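Heads up, the thing below is written out as structure tokens.
Labels run A, B, C, D, E and F following the written order; every chain starts at residue 1.
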Amino acid sequence: MSDPVSLLFTVLILSLVVNIGISLYGVFTRPSLVKKFISLTIFSDTLNSFAIALGFRRVVEGYPSIAVLASIPEDVSELAVVANTAVDPVPQALVLTAIVIGLAVYMFLAGLIVMYYRHYRTTHVRPAGGGSIE
Amino acid sequence: MSRALSYLAVFSMTYSFYIVFSGTTSLFSLVLGSLGSILVTVLVKSLLISRELSLSDIRRLTYLVLYYIYYMAVAEVRAHIDIAKIVLSRKINISPAIVKIPYYVETNYGMTLVAGSITNTPGTIVIQVDTGRKYFYVHWLVAKTFEPARAREDISTSFEKYSQKIFG
Amino acid sequence: MELVPISIAAISALLSVVATYLAVRSRDMMSAVVFSAIQSTAYALIYYVLMAPDIVLVYVPVSVGILPAVTILLIKKTERYEK
Amino acid sequence: MNFREVVIAVSIALMVLLLAYVIEAGGLGPIAPQRLRELAASYLLNTYNPWNIIQSAQSLEAVTAIVWDYRGIDTFFETSVLFISIVGVSLLFRGYREKAGISNRGLSEIVKTSTKILSPLILISGLSIAIHGHLTPGGGFQGGSFIAVLLVLLSVVFSLDFVVERGLSTSRLLVLRSLGLLGVLATSVALLVVGLLTGVNAYIFQNMVREGASLSMPPWFLDRPTGGTLLFFNVFEALAVAAGLSLAFIVLSLRREEVEEALEKGEWYE
Amino acid sequence: MIELIDLALVLAGLALIAIGVFYDFIGAIGLLRLPNFYTRLHAATAGAIGGAVVPMIGAALVALGAEYLGPPRFFLAGAAFASSILLMILAQAGSHALARAAYISSEAVREPILYDALREEGGD
Amino acid sequence: MNKLLAVGLLPLFLMGSAFVLPGLSLVVKNQKFYRVYALAVSLIGLTIASTVFLETLRGEVVTYWFGGFRPPLGIIYIVDLFGATLGLLSMFILVLSIAYSNWMVRSRSEYLYYTFMLSLGAGSIGCLYTGDIFNFFVMLEVLSLSAYVLVSFYRDNPKSIEASIRYALVGMVATSLYLLAAFIIYGSYGTLNMADVALKSRHPGVSTVYSGGVFGNITFSSAIAIALSVWTFTFKAAIFPNHFWLPDANPEAPTPVSALFVAVIDLIGAYGIVRFLFTIFGDGSVVDALRYDILFVLHLLGGLSAVVGALLLLIQTDVKKFIAYSTISHMGLAFMAITVGTERGLAAAILQLISNSLSEALLFYTSGVAIVAAGRSIESIGYLRKRKLESAAFLIGLLNLFGIIPLLVGFWSKVFMFMAFLEVGYLSSAIVLVTSTGISGIGYVKLMNSLLRETPKAREDSRLGNTTAVKLVIATTVITLLALGISVVALPRFMSIVSEAGRAAVDYLAYVRAALGM
């Protein structure tokens, strides 16, 4: 923990974790569906950021590079150079998928909320139907 | 002939932007990009050009370049110095007004060029355009006159002169 | 050397906590959208610093562009204030 | 703050504390480590590796290679989730009349002309991002969302009527979306179909030569690698995403009267 | 000779960038000091043209002069120049659309204003 | 490993056939075409699923490498007897439901309805076949989103929209938590392959090709990953504290979809629990101590939801809600059997899942006829009195759920569960089983009673004129129920298959060997 970079990184990850908490609180306690919707987008964004932070690494000297080969390599040894400096590409690929999936669900949810408003003339969760939203 | 020319104009604009945007000259990018540009040209040509082009339009293009240089050099510098003076002076000394000024260019492109030039010089912003009666409504930071004809002389005469030559 | 980018990331993460809190607490939906856009921008900065340009290219149109646009459409079609 | 909210807040706080503890206790390895995970190193070593083509995707960009080749089926179903969502939205608003009453005013002539000039530039930059997906950061989804932004811009600046008159009605957009997805599907089974026809072993989502499967997509186009299937995936995905996102936006921005009219002539059988 | 031209290009570019910094500053102060939405928009225009287009051209000149960058410098210059042109199109359309929307919806305060031709004719 | 192309092709085929439909809608306007199309597609799907089942029946674990990459590098589908059995079950119910929809669903947008039916099938098969933790998440989303859309299919009904929103909001949180679990597993195990994780959770020192060794303190991370994913699965399976969505969403969906819910979504919840707690983090893994606690808690929750479901079922006046609560009760029983932790318990749970899915579907199919004619109240069941086949089938479905006729599979599943509880000495669980059966029995008798009092038709509906399709579907389901019940007694091979399926879920070594080719 004496290392300042680790300390800053801990700050980053802990604030993401706090964000998870705040947004989940918003999803479960706010009465307005739109507010729930916004909180939900923040929630899944935070999970994605968490994964990106997982994929980050430090290199012996300098700053890590992106997971892209800058030019067409001439022989095998150039590949090892990239593997020694690049960040982890797997979480990025997973997050790419997760972002698109999230967008898909949110668009449908938005349509549902508009329809809900057409029927009930409010975006607040109705207490009827035997219970609250969660 | 003239039809092909209009396609060519849109194509060259698209393709040159593509080359600058992608930033490579590898054959891969050039060939695929030309295919893509042809596709885009076919898609948007009717949106962009209502009147087919002719060779005389080359002359117009030269005017466009000249106009651009003049515009950057003279009008913008003057307007920028003015607004710097206003902002930095001890007491803000402005007399804002919305004035009506007529315009005489024929095409929408010409109108947009004039309006864009007016808006891009600090101190004047086109708030509304009346394409039927051909009037701009301009918000003027330091209005010298409320008279349409006089205001036109102060604001847009020089822009319009070139715009008429370029777009008719 | 690597201290500067990491501190940018840490600061924007802290900023995002504030933005998230305000977005969840505010009663005006429009300002909630604005705060969530601020939070998204902070995240985009984090992704950029953490060397994920692909994610930035997806995230900026989606979370700073499309989703706020959809949310604003949603608010215009429904109601603006929470009880 | 009633009792329920307190319970929820406490349980969420507990979860957050637990998560923080797990991270701090090294549950995910050291924070900001120097070592790379072995799997990530394998991907980085193989993403462009003509000397060991059996595990290579022939793509300079590792993320696109993972997204469309190593984990291709993930991405296929990811894009079908988007498809389901978009078709779901249009199912939700089914029965509206497209042309009636949609605003045909748009913004002023100045903005319209500026948008006209910009439209080919936005289109070509979206295409460029998609075409170079396997060479530089970016890819099909990114390019597609660029193009979708143009269609959204057109429908805002010129009005929906204008977009529909130009042949991009919602039903056409849905067909375009389907076509893009069918392109993705066709690319993913292309080598399999060839293999079945010629009696050679091949895999679903096969790209280059693999263990016991000798077929391969073209690895090079002129002077750059194509990443085999990746180029086709990116282009088709860009088409699908552009059509899909603009479709969803148009449907979501329908005005109240139209939707209500559709609701009134409802068709609710049980 | 070529070095001299390069140097001149770089110096001219740096001068343009310096002007850009100055006008960004002007734009910021103007946003604070000017009284209402419409007048502030003028300051923002100064920030967009003087503060973004001009330094972009400066960056193009610097890139052209920086020979050690090799052939990619032409792309840098081209990209910077192209974005300056794009900015000029976008900035005017954006300012105009903002002003028009604000005027039509009457969201922004119009005062102080000496004369309003648009209102006298009933708008639109 | 290209042994069985069918495994990899099935979800892709279903999804691809769904893609075509919106495009076809411009060409073919006649909605009848889409009914035939969907039925044909799902029948082909059923054929493929049974091929896979027959292959795994030979004691093999079938794998398919997508893109030809070796496992930790690429995604693989890996199907053991357990997954194949459940896959066959859900495809079977999908075919029945689509055939039933041909009769029941009338809309101008029928082609879209079938799009979602097919994608629902693709999602469930993908979940059951996949051998990758992140791919499981993607398929879970395919499944969930199709379900949200189908619940809101009658969008003119305010209740459908409301139910869909409630379901979608919490469902999104649940799947996101699973996503977090997947990220955490990647973070600490450095791999996403289920078999790879299963191997490393038992032997942390092992280093596999491509993915190397573990990366962090796997005890902590496995614990939190299990906690998060188990929460998701209890939500999907509608177990007690997370059961609230099922009685909301299920009745508001079109009846064929309600019938499908049990066999598709609840089933995935149970499957996920078994995969995670038995195959991946099973016996002998680093989280052994915690695993027993979680199993115990789940056992408790299963018992609670069995009793609560049975109690709430008594007060329902809506027949679809009644069946939904009966589902909750029976899923609770299945969970109790799963979390006993023995192979016998798993076998009993599989039998219970099969019996429950079939009979709940049967109840929905038969009551659907009554609902069309006379509305959704419990009394409307009386309409069936004139229709011999339907009323007999309804009775059989109820008796199967009640579990007192030895001819039906429901009886045997309860017997095996009882034996499984006694084997490990869970006397109180056995008592809970009997009690919940008794309580729900009261409800079933009430329903049978309303079958006796004839209700007249409340509305004219053209669909009631021609019910051949319904009769076919109902007859098929009844025959399956009877055949299964009889084969439990008469065919010793049948029970050994069920036990093998249970054993396959526990036998992680065979799973890992097949996946990693060791």
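Some points to look at:
Everything below uses one rule, namely that contacts are C-beta pairs under 8 Å (C-beta built on N, C-alpha and C of every residue); 3 or more make two chains touch, one makes a residue touch a chain.
This structure is a prediction, so every number in the text was calculated from the model and none was measured.
Common neighbours of chain C and chain F, listed by label, are A, D. Nearest to the global CA centroid, when each chain is reduced to the mean of its CA atoms, is chain D. Farthest from chain E in terms of Cα centroid separation is F. Of the two chain pairs examined here, A-D and B-D, it is A-D that is joined by more C-beta pairs in contact. Centroids built from CA atoms put chain D at 21 Å from chain C.
Put simply, the C-alpha centre of chain D and that of chain E have 34 angstrom between them.
Centroid to centroid, with C-alpha atoms defining each point, chain D and chain F lie 29 Å apart.
Chain contacts: chain B has residues 17, 21, 115-116, 126, 128 touching two or more partner chains. Touching two or more other chains at once are residues 5, 9, 18, 24-25, 54-56, 58, 66-68, 86, 90, 92, 96-97, 100-101, 103-105, 107-108, 110, 112-115, 134 of chain A.
Chain contacts: chain D has residues 19, 28, 32-33, 35, 37, 39-40, 43, 61, 63, 71, 74, 78, 81, 84-85, 88, 92, 108, 110, 114, 117, 121, 137, 141, 224, 252, 256, 263 touching two or more partner chains.
Inter-chain contacts, as defined above, occur between A-C, A-D, A-F, B-D, B-E, C-D, D-E, D-F. Per the touch definition, chain D reaches chain E in the complex via residues 107-108, 110-111, 114-115, 117-118, 121. Across the interface of their complex, chain F is touched by residues 18-19, 22, 25-30, 33, 35, 37-40, 42-43, 46, 55, 69-74, 76-78, 80-81, 83-85, 87-88, 90-92, 94-95, 171, 174-175, 177-179, 181-182, 185, 188-189, 192, 201, 203-207, 210-213, 263, 266-270 of chain D.
In the complex of the two chains, the chain C residues touching chain A come out as 1-3, 5-7, 9-10, 13-14, 16-17, 20-21, 23-24, 29, 32-33, 36, 39-40, 43, 46-47, 50-55, 58-59, 62-63, 66-67, 70-71, 73-75, 77-79, 82-83. For chain D in complex with chain A, the touching residues are 4-5, 8-9, 12-13, 15-16, 19-20, 23-24, 28, 31-37, 39-41, 43-45, 47-49, 51, 60-63, 66-67, 71, 74-75, 78-79, 81-82, 84-86, 88-89, 92-93, 136-137, 141, 224-225, 248, 251-252, 256, 259-260, 263.
Interface of chain C with chain D (complex): residues 6, 53-54, 57-58, 61-62, 65-66, 69-70, 73-74, 77.
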